[in-house]
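Heads up, there are several structures right after this.
One chain, subunit A, links the two complexes that follow: it is found with subunit B in the first and with subunit C in the second.
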Partner chain A sequence: MRRLASAAASFAVVFGAITADGCHARRRGPTPLAGFSAPFVFGRFEVPADNPLTEESVELGRRLFYDRRLSGTDTVSCSTCHMQRLAFTDGRRTGIGVSGKPLAFNSMSLANLMWGAQRFFWNGRAATLEAQTLVPIQHPDEMAEDLQRLVAELSADDSYRALFAAAYGEISAGAISRALASFERTLISSNSRYDQFLRGEITLNAQEEWGRKLFTAHPDVKVSLRGGNCIDCHSQFLTSGFSTGLDGFSNNGLDDEELLQPGLQAVTGDPAHRGRFKAPTLRNIALTAPYMHDGRFATLEEVLLHYDRGIRNSSTLSPLIAEADNQSAGSQEGISLHLTEAEQGAIIAFLHTLTDEDFVTAERFSDPFVRK
Partner chain B sequence: MRMNRTTLVVAVLAAAAVLYAAARFLDHSAQPAELTLQFHPFVGAEPLVPNEMRYANPGGEGSFEVRDFQLFLSNIRLAGDTGAYAEPDSYHLVRFDGPQATYLVTLHDVPRRDYKRIEFGIGVDPAANRSIQSRGDLDPNGRMAWTWDVGYKFVLLEGAFVRGGVRKPLVYHVGFDENYKRISTPFDAELLGTRDANLSFRVDLLKMFTGYATVDMAALSNVKFDRNDAALLARNYAEMISPM
Partner chain C sequence: MTQSMKVAFLPMLVALLLSTAACTGKQEGPGTQSRSPESTAAARRNVEAGQGMVLLRGLPTLGTVHSVAIVELDPEAADFGAILQDFELPDLQLPLHHLYYSPTGRLYSTGLDPKCSLAELGLSRNAEGAAVIKGVTCLNTHGQQVGEDIIWHNVSGKEYMFVTFMGGTGLDQADCGSIGVFDPQTNAVIKIIEARKGKGAKGAPFLMYPHGMSAYQDRMVVTSTVHPDLATGVGNGITVVDLNTLKPIQNIVVEDAKPVGFPSSPVEVLFVRPSIVPGVAPAVLVNTMFGFETWKIPYNEAAKSFGVPAKVHDGAKAGTGVPLEFYGNDTELFVSHALPGIVKRYRLSSLPELVSSGNDIKAEAGAHHMIFYPSASGRKLIAVQNNLLNLGKAADGDPTDVDFIAKVNDHSITVHDLQSGERLAKLSFKDRYKKGVENVEALFGSGFVHHH
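Then we have the complex of A and B:
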C-alpha cells in the first residue's frame, strides 16, 4: 500500500509524442492537443507519428463520429452503436446497423484504447485504430457507405471543408480514418472510484476492497489464497488485456470444442488461436451489458456464474482458467472456481467501482450536433 | 608556381585525409561496440516446439506440452578487471512465440574493454520488483505482473499434461525476490572486435524440472504462491541458461 501511495503521489502527467516535429515548422499547421494527459499507472502509450493528436483532428473526429452522413442511408453514425452514456456501447447483444440484421459481435466499449491489446475488434482483425475505423463504415450491414461517395458528400459541406483543411489539408478516406482514430484516442476513462482509490483520494468500502483482492488474485489453495482469477487476463490498473504480443486474447471457456468460434485464428490462421477473443477493458463494465463478444450474458451475475462454474473445456482454453480452483483439486467434476456467493458479490461490487461518471457525461466526448 | 602551390595544397590535403582515415581505422578499438545475445529455447536436447504433446514428464509417467514460456532477463552486465558495462534499464521479457524462435537482445554502445565475464539475472531484482515504474520490458499492467503487493512473475510456463488419457493444465508461475538468480559465464573480450558480434545461449526449460531436483509434473502440476515450491523451481532454473 505504501508503494501505491507514492505512485499515486507521482500521478504524473504523461505526455506522449503528441507534438510532431512538423507542426510548428508549417505555417498555420494544426495545433497540438493541449492538456492531454493520462494516469501514470496506465503506463506508456504511443500515438502514431503520422497522426499526432491535434485540436483540429480531434474536433473533426468527434464531428464525424456523431455524423449520420457516414452511413450510406444517412441514418446511422458511429454513435448509434457506441453511445456515450453506455460508455460507448449500445446495450444490445450485438449491434444493429443500416440493414437491421443483428451483427456478429457485441459493440465494444471505446475507452482507453491506447492501452491493452493493440489490435482492434473482438478477434483483433484491425492492426491499427485507423484501419479499424473504416471497416464499419463500409460493412453492408453496419453503415454501408462507399468511401468515395462519402468523400464527395463531405466535400460539398463548407464546414467540413474548413475542418479537414485545418486538420489534414485534404478530405480523403485516410483523413476520415485518422480523425476518427484521433477522437477515439482521447476517450480516456480515468476518474472512476477505482481510479480515485489508486490516486489515494478515497478508500473502497469493505466489500469493494474484498472484491478488489479477489479480482487481483489467482487462487492457490496451497497457501490458502482465494481468488477470482480476473487478473490473469485483466491487468491490475488498466483492467484491460495485455499489450504484449497476442497475450491480450484469451479463450475464456464460453464454448465446447465443437462450437468454438475462430476468434483470433481468423486473423492469424493459427489453430492454437481458435476461440481466443480480446480481453476488453473493464472500465465502466457495469454500464456495458450485455457481455462477451456475442453479448450472451445479460448481467454481471451471469458473467461471474460463468467464470465460477460455467466454463466449457476445449483444446485452446486458457490453462489458467482450467487450473484455477478455490477448493483442493482431486475431484473430476469439471472446471470450477468454487467461489462463494458472497465472494461473487464482492467482485461485482468491485466492478461497480470501475464506473466513471465523468467519462459518460463529459461534454468533450458528447454529440456536437446537439444544441444545449 | 601557382599550379605547383595548388598541387602542394592538394597533396597535403590528400595526405591529411589518408592519415585521418588511418587514424580512424586504428582508433576503431576505441569505438563502442554492438553485441547481440541470442537465446535459443530447448527442452533437453530438442529445440522447443510449442503446443505439441511431445515431451516426457522428467519425474514420472506422462507427457507434457508447452503453450507459453516467458521469462524476465535482467541487469545484463559485462565485467572485467579494468571496468564494467551495465546495460541501462536492462529488463527483457524473453519469449519464443514470435515469427522467430530465437529471442535477441542487442547491447548498444558497449565500450571496448577487457571484459572477462558476462552476467545477467533470471527474474527481476528486488528494487525493480517492488516498483510500478515501467522500465525496459517491465510493465505493471503486463501478463508477468501479479499485483503491486507481490511483484512480477520471473518465469512463466503454461501448458498441459497428459497421463493415462487424463489431461490437466500445467501452470508454473515463479516469482518472489529470493528467486532472482544471477548467472555469470566467461566472456571472450575479443568478440567485441568482430563484425556482427553475437553470443548464443541455450535456454533449456527442462532444467526447471531437472536442474537441482527432479520434479514429477503429476505430483506438482502448478506452482504459484507457495514459497517452497517456487524456491525449488528457481533453484532449478538457475541452471537453465548456458552458453552454446
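Then we have the complex of A and C:
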C-alpha cells in the first residue's frame, strides 16, 4: 500500500516536471522554496550555494527522513531517534539503533539547525549538516546501511526516481545527504510562547517573566543583579549556543577532571577542548528529556540543581560558569550559582515557554507515509 | 523658524562652515579590499554586521519618496553603498525619523508625519537568510506628534517604553510637547506625560519640546529643544521626571553664551551611571544645539537631587557647533557636532568629565547619528550619518527648504576606521539615490553600548 501511494506521488511529480513541447521530457530547475520565513532576531544563516532550499529538495528530504529503508535492516529511520512529538528527540538517555546497543550520545533535538554552532553532533564531529546526515546511516549500531546499496534500493523506486530527478537530477549519496539537510534546515521552531512574547503578541506571567530575566542575566553582586547565567552559553533569542568559531561548545561542569570525556577534543585534538560539548538549543526543552550529551539528568529540576550546586571543577570548565555566583566571594561550597528554589522554579517556568506546539504537530514536518 | 531667527543664525553658521575643512561632497569609492573568497562560513554568516538600516527622506523636487532601506555599509564589500531593499512609504508626507531596537529585538521608529508619529517595523528573513522589511505599522499615539527619541526603562520592576513627542498633542500649542508611556509588549499608550508651561502655575515644573531623554533608577531627564515648526519657540533647559509618579518635578536651565542669539536648545542627554562607567558618581551630560555647548549636571543619588550645571565643552571657543548625539562603546564616548561635521571622542572611564581619547573623526557637515561595526576582515569601523535635518535646498527648488539647515545637510554616510578615524568611504544618498538620509542603525544589534 505504501508503495502504491509512493507511485501515485511520483506520477504527480514526474507529470509536473515534464513539459508538453515535444516528445522529450525536459527537466525544469527546482522551485525555490515558497513561503519561507524565519524570525529576523534569529540572525543571519547560510544555506550552501550548492544546496539551496527548494520545494523539491525539502519534500524529498522529508520522505527520506521518515523512510526506514535508509537503514540496512529497513527497521530504523532518522525519525526513530528524532520523533516530531518530542521535538525530534527520542526520550531515551542515549539512542538505540539497529544493533540494539545504547549509542554513545543522547539524541539531539533538530530544531533551528541553521543557527548556533555550525558543527554538528554533541562533539562537533560533522562540519556541515550535509556531512552529518550520512554518519548515522552508515554507523553499524545506528542504521547500518551501505550507501551504494541504499542508492540502488532507492533507484528501484519510481517515486524516488522522480523526486530525486526533480530535486537534484540524480540519485546519489550526495543527493541523499543534501535532501536530508534541506529538510532539517526547515525544522524551524518559532512559535513558542516565548516567540509570541518576542513578537509582542502575548505577555508572560510573572513567574515566567522573572525566569526570563534570570535566564538572560549573568549574576553581578556588585550591582545586585541576580542571574541564572544561562545566556552565557544559550543566546537570548535562539537559546542555542553561539556560532562564532567553537564558542558553541562548552564544558558545563558535568565531570571531574579524571572523568572528563573527550568531547570536542576528539575532533580538534586540542586538550583545551576536552570535555567541551555542543550547547544545544533549548527550544522545546520541556519535551526533550533526558538532558545533557549522555542523558544523565531526567528532569529540568535536576538540570537546574546541577548548575546551581553540582558543577564539577576541571581544567577546561567554562570560566563563565566558574565565576558565576549570586553571592559574594568567599563561599566554602565550591562553585555555585546560589539560586533560591523560587528562582530555579522561575527559570524552569520560563523554559516551559519555549515549547512550540506548532513545531511538534505541523504536518509539513510529519511522517509523509502515515495515512491521515 | 522666523525670518529674524534665520538672519541671526545664518552668519554664524556661514562663518563656521567657512572655517571647516573642505568637504566637497565627492563620492569616494569603496575600499580597495574585497571580501576574501577564503572567508569562513562564519564570516559569511556575519556579513550583515556591515549592513545598516536607514531612514531615507524623499526630496520632492527630485521625484523620490520617503522610505526605509537596508544598505551595504562595509567599505570592503564590492557593493558598498548598494541599497539591498528599499521599502517605500508613499503615504507619508514627512519621513520616519529615528530607529530603535527594543530589548526584545523589535524595531521601532519615531516619525515626523502626524499620520505616523511612532511605528513598528516588521522584519523577517528569506530563504537565503537575508533580512527583509515586511511592513511598517503606524501605532496609535493618542494624538501625540513629532516622535523623537525612545528608551526602554524598568521602573519598580515594570518595563516601559518612553517616547518623546516634540509636538505633543498639538503643533498649534506654542508650548507643546509630551512623553508617551507605552506598554512595551502591546504598544498601547499607558499614560501621556504632559505639563505645558502655559497651563501650569507660575514656576511649576513643565515639559516643553521634549526630545532627548535618559533615565537612571527612578529619575528621567528630558531636554527641551525647539518647537517643531522651528519658529514658535526654543527651549533652554531640561526637565526632571519622577518615574514613580510619571510627573515632571524640576526644570534646570543649561544656557550661557547664546552664540547665535537663540536659547540654548538642549537636544540630547546622557545620564552617566554605574552601568556605563562602573563606580561613577552619576551625572547628566547635555548637548545644547544652539548653545554649541556640552553641560554636566551632578546628581546626588542619595538625596535624589541635581547640582549646579557646569559647562564641559564650549563650542563657540572650540570652533564646533550644533552638538547632537552621545554614543558610547566599551571604552569611549563619541559626541557628534554638526558643525564642522566632526565626532569628538572621550575616555569613557573619565566621564562625566570630557577627557579626549583621540583626534576628532572628520565626517561631513551635519554629523549626527553613528553606528559601530566590523568590516568583513574584522576591521573596527564607525559610520556617521551627516544630516541635521533632511530638508531640501533652495537651489533644488525644494519646498522644504530652510536655508541654514540645508548647509548642515550633506545627505551622506561616511565610514571611518574606528581607531584612527581615517575615512574609508563615503556614500552620498543625494547623489546616488536622490534622497536624504535621516537616520542610520546597524541592521542587527545596535552597534553601540550606550546612547541614552
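Here is the rule we go by: the second predicted complex is superposed on the first by the 344 of 372 C-alpha atoms of A that agree within 3 Å, B and C clash if a C-alpha of one lies under 4 Å from a C-alpha of the other, contacts with A are read in each partner's own complex, and residues count from 1 in each chain.
Just so we're on the same page, a contact is a pair of C-beta atoms (placed from the backbone, for glycine too) under 8 Å apart; a residue touches a chain by one contact, two chains touch by 3 or more.
All figures in this text were calculated on a predicted structure; none of them were measured in a lab.
For the composite obtained by superposing both complexes on subunit A, the positions of subunit B and subunit C are in clash.
In the superposed model, A:320 makes contact with subunit B only, not with subunit C. Once chain A of one complex is fitted onto chain A of the other, the partner contacts of A:237 extend to both subunit B and subunit C. Contacts of A:52 after superposition on the shared chain: subunit C is touched, whereas subunit B is not. In the superposed model, A:223 makes contact with both subunit B and subunit C.
Judged by the touch definition given at the top, the superposed model places A:203 against subunit C, while subunit B stays out of reach. Judged by the touch definition given at the top, the superposed model places A:33 against subunit C, while subunit B stays out of reach. Judged by the touch definition given at the top, the superposed model places A:41 against both subunit B and subunit C.
After overlaying the two complexes on the shared chain, residue contacts for A:105 are found with neither subunit B nor subunit C. In the superposition on chain A, contact is made by A:272 with subunit B only, not with subunit C. Comparing 114-122, 294-302, 402-410 or 420-428 from subunit C against subunit B in the aligned model shows that the clashing stretch is 420-428.
Overlaid on A, the two complexes show subunit B and subunit C touching the same residues of subunit A, namely 41-44, 222-223, 236-237, 243-245.
On the side of subunit A, the complex with subunit C involves touching residues 32-33, 36-47, 52-53, 114, 118, 197-200, 202-203, 222-223, 236-237, 243-245. Across the complex, subunit B is touched by residues 1, 3-4, 7, 41-44, 115-116, 216-218, 220, 222-223, 225, 231, 235-238, 240, 242-245, 247, 272, 319-320, 322-323, 332 of subunit A. Touching subunit A in their complex are the following residues of subunit B: 50-51, 67, 93, 95, 97-98, 130-132, 134, 139-143, 145-149, 158-160, 166, 168-171, 173, 221-222, 224-227, 229.
Taken together, the subunit C residues at the contact with subunit A in this complex read 41-42, 44-48, 104-106, 120, 123-132, 184-187, 274-275, 278, 444.
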